[in-house]
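Heads up, the next two complexes both have chain A, just with different partners, chain B and then chain C.
Let's look at the complex of A and B:
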């Protein structure tokens, strides 16, 4: 599960070359190929009342994107990297999946989704849909500092949220391959408050110790792979506590496994990956349960 | 932008029913049509309303003399709204694409604010009434049909010979009345384009597809075309529209005949011109499902077929609301039949079930997008609000400011051609409603709608047929006559089929191929 090839999906709205540059330390984890993808939304060129399909507009948008990509590619070439480019018209999810299929990338980088609640209700979350269908890790890139628009190196000090489920194990395995990139990992587990209701102080402490023990095992596993790791236990709502922990640990990114909960169920009751994708201020790396293990 | 559009859409879709209600049983009971429980105002003393049983309350709604006192210029926002829809997309397409919601809101406010200022409670009632009684059910039906039909995908390809094409057009025409012209057009257009991708002359094929599947085919049920559903909401019974079957059959046979002759001519011409290429076509024709260009088999496969169940649910819900009477609910002072709310709820349920069970992948393969239905939702709130004075004046008959129109439009053929001509360039749904009310005002002035509409379906049925046929058939005359027209055009152009310009479509196709059948329809039926 090395990161040799990266798919960088941008609409040129909030994800620019500086974001990609902050990820280039992934070269220490074998990154040598970047594929750019710009998806022109169909609504921008098609289904126009009175004017049909706007071929000239499509060409204009393609050329506009191409100019940016050429510029970015030149910089990457200078650094000895390979570059691919896709500029396509259609649905974001479908085109990302197609590009992933063609290029067999190891990581998808995408900006924070700008879907409204209703749009998500009708169509589902684009990002979790990509994770579900691509079986590739997806990094939802966010700028940590609003002023500088620069987030440092997201992989430098990640926070790994684990719930001991298979998807979390997959996330640990993924992290272990990033030895040359990750300096320190904060591993946390959030105990649901409702699971402690009615229990005695002793029982709470027992739960904490049990969680701590499991977290220490994960930390040892990571340290065996050459990555410093620290364990933390939190109690409360998962998404809120993960965000809180990321702040307290000054994390540069949140990593979590995702089991690919049923899309329709997710629309109604939500999920932690969905919440992190939309609400967290931190870049979020979602590792799917069915992510390939091959190197 | 989509987020804002969606937000506006949901306000209407979901929040409007969430009001304080008080159920009561309607006093009059007629299970033959929804008109048996007409929308009418409660006895609110703040406004000058009276209940629908008041003989002064013409057509069961609103201020008794409002239609007689409103000036003609109060219809200007309505005219501007329709002209905006017709002209902005042609003259300022980008501006329209990004600001149609604001334009709709502008015209709605330009009527709504002065109207409220001048007539206060009466105006408020009229606005709420048209939103609850017309706009909400109208949009919910379109949304559910669009959502459900968007979950059905026809994969694979046939080989586009004249016979195969005629069969595909016939199937699309039949489907249009049951899944809406938009649904049928979206289901059939891509297989139709794929089947003919090897053909050189494809433009006329798509134009005839627009004529038949996107318009004429929708004339048999209230689900087929929006104008007919508006008629249903105003009391025209579900099965009455079957009376248009002879008209539809007549036009369909003529158009299919013309199409077959043209297609056969071009097919043979292409054969002669490209013998070698046609050998491939022949080979493919002898092996159905084989793509003549790639020479690979692509058998036809219908996916998402469970959506036909939801489609049946939509048909059943609409039918149900026309045959039962469960009393009324007072919503914001407007009485609506319980079965109408139940119908709207069922339609939403059908749409949600379709969303729940249809894989997102299938909708993506259908190139499904919410944009067209959102556009319709935004435009029609403007249309419905601005058309209030126009409808009231028309209902006042010869006592209203549009007496000149009512006096001029007398014969069925007048209704057919005036409704039709305006439907060609303006949206056909409000045009239908305008002349539907013209007929009511002309033949049954002062009579409550619940009483007048059954008479219009009976003794005056030729007029209603003329209005209905005019609104549905003439929608094919331009790209802006009916919503699926421009959608089909866009999809075809994207797939590489050259389409005529706006005026090219009218001059090269509509005038030549549509007007003669319409003249014959006039001679034979009106």
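Let's look at the complex of A and C:
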């Protein structure tokens, strides 16, 4: 499960070349191929009364994207990297999944959508839908604030949130391949508050101790792979505590496994991946359980 | 039958332009939409010349050119690069790949920056194919 090839999806609104450059330390692992994808929304070139399909608008948007991609590609080519490009008209979700299939990428990088709450509730965000449908890990890139102490390289100091489920194990396996890129991992588990209700101080400490022991096992596994790791136990609402932990640890990214629940269930009961996708201030890497090993 | 020219470009409009110029000047064009497809056709048909784009899906012209020039069976096929990517980038990229342990490879016969006029392309075709 190495990252040799990544798909960089941009609308030129949220993700620019600086975002990609902050990921180029992945070359210390095995990244050597970047594929750019720009999806022109169909509505921008759709048929209009009296004027038909806006072919000239499509050409204008394609060439505008092409000019940017040529510029970006030149920088990467000169570093000996391989670069590909797709500029297509259609639905973002479908075109991303198609490009993933055609190129067999190892990682999808996409910016967070800017949507109102109402829009999210009714239509679901495209990015959440991509996370749900993709068999490949998805990095939802967010620019950390410039005045923060955080590094500009997301993979430098990630926070790994684990619930011990198979998807979390997958995420650990993924991280182990990133020696030389990741400097330190903070591994956390969030204990639900409801599971502590009515128990004694001793029982709470016992729960903490047991979680800690399991976290240390994960840390040892990462350290055996040459990556420094530290364990932390948090108590409370998972999404809130993960965010809090990322701040406290000055993490550069949040990583978690995704179990691939069906969309209907996820939309109504919520989920950590959904919350990270749409609300977190940190870049979030979501690794699906069914991600292929690729090695 | 005229000499065969393989046109490798992901843009269908550019492929149409290039193949039309080829046909109008007595050559037989074949098309490929990316480097991967282009390499398969190269091995199968062994054309006399390749008009090669650089920035494409699946496999770039940079990698295809390298594969072509390091293959005993294909290295003598002449190449015109026709791309929006600057020539110096192409050369620097090849240099970087050589430094990473690849073979030293020759420069392409002709490097043209997009767009080109049909007369310019026709003239270059005649020059390279010797007719």
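In this text, the second predicted complex is superposed on the first by the 276 of 295 C-alpha atoms of A that agree within 3 Å, B and C clash if a C-alpha of one lies under 4 Å from a C-alpha of the other, contacts with A are read in each partner's own complex, and residues count from 1 in each chain.
Operating definition for what follows: a contact is a pair of C-beta atoms (placed from the backbone, for glycine too) under 8 Å apart; a residue touches a chain by one contact, two chains touch by 3 or more.
Computed from a predicted structure; not experimentally measured.
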Chain A contact check, chain B vs chain C, more residues touched by chain B
By the touch definition at the top of the document, which applies to A:13: first (chain B), second (chain C), both, or neither? neither
Checklist entry - Looking at the overlay, what does A:53 touch: chain B (first), chain C (second), both, or neither? => result first
Practice item. Pick one for A:42: touches chain B only (first), chain C only (second), both, or neither. Key: first
Pick one for A:74: touches chain B only (first), chain C only (second), both, or neither. second
| request: Check the residue A:102 against both partner chains and state whether it touches chain B (first), chain C (second), both, or neither. | output: second
Could you look at A:85 and tell me whether it touches chain B, chain C, both or neither (first, second, both, neither)?
second
Residues on chain A touched by both chain B and chain C none
As the complex stands, chain A meets chain C at residues 35, 66, 69-70, 73-74, 77-80, 82-86, 102-103
The chain B residues in contact with chain A across the complex are 2-4, 6-7, 9-10, 85, 88-90, 93, 96-97, 355-356, 360-361, 364-365, 367, 369-372, 375, 479-480, 486-487, 489-494, 499, 502
Chain C residues touching chain A in their complex are 10, 54-60, 62-63, 84-86, 89-90, 92-93, 96-97, 99-100
Residue set of chain A touching chain B in the complex reads 42-43, 46-55, 90-91, 93-94, 114-116, 118-119, 122-124, 129, 133, 263-264
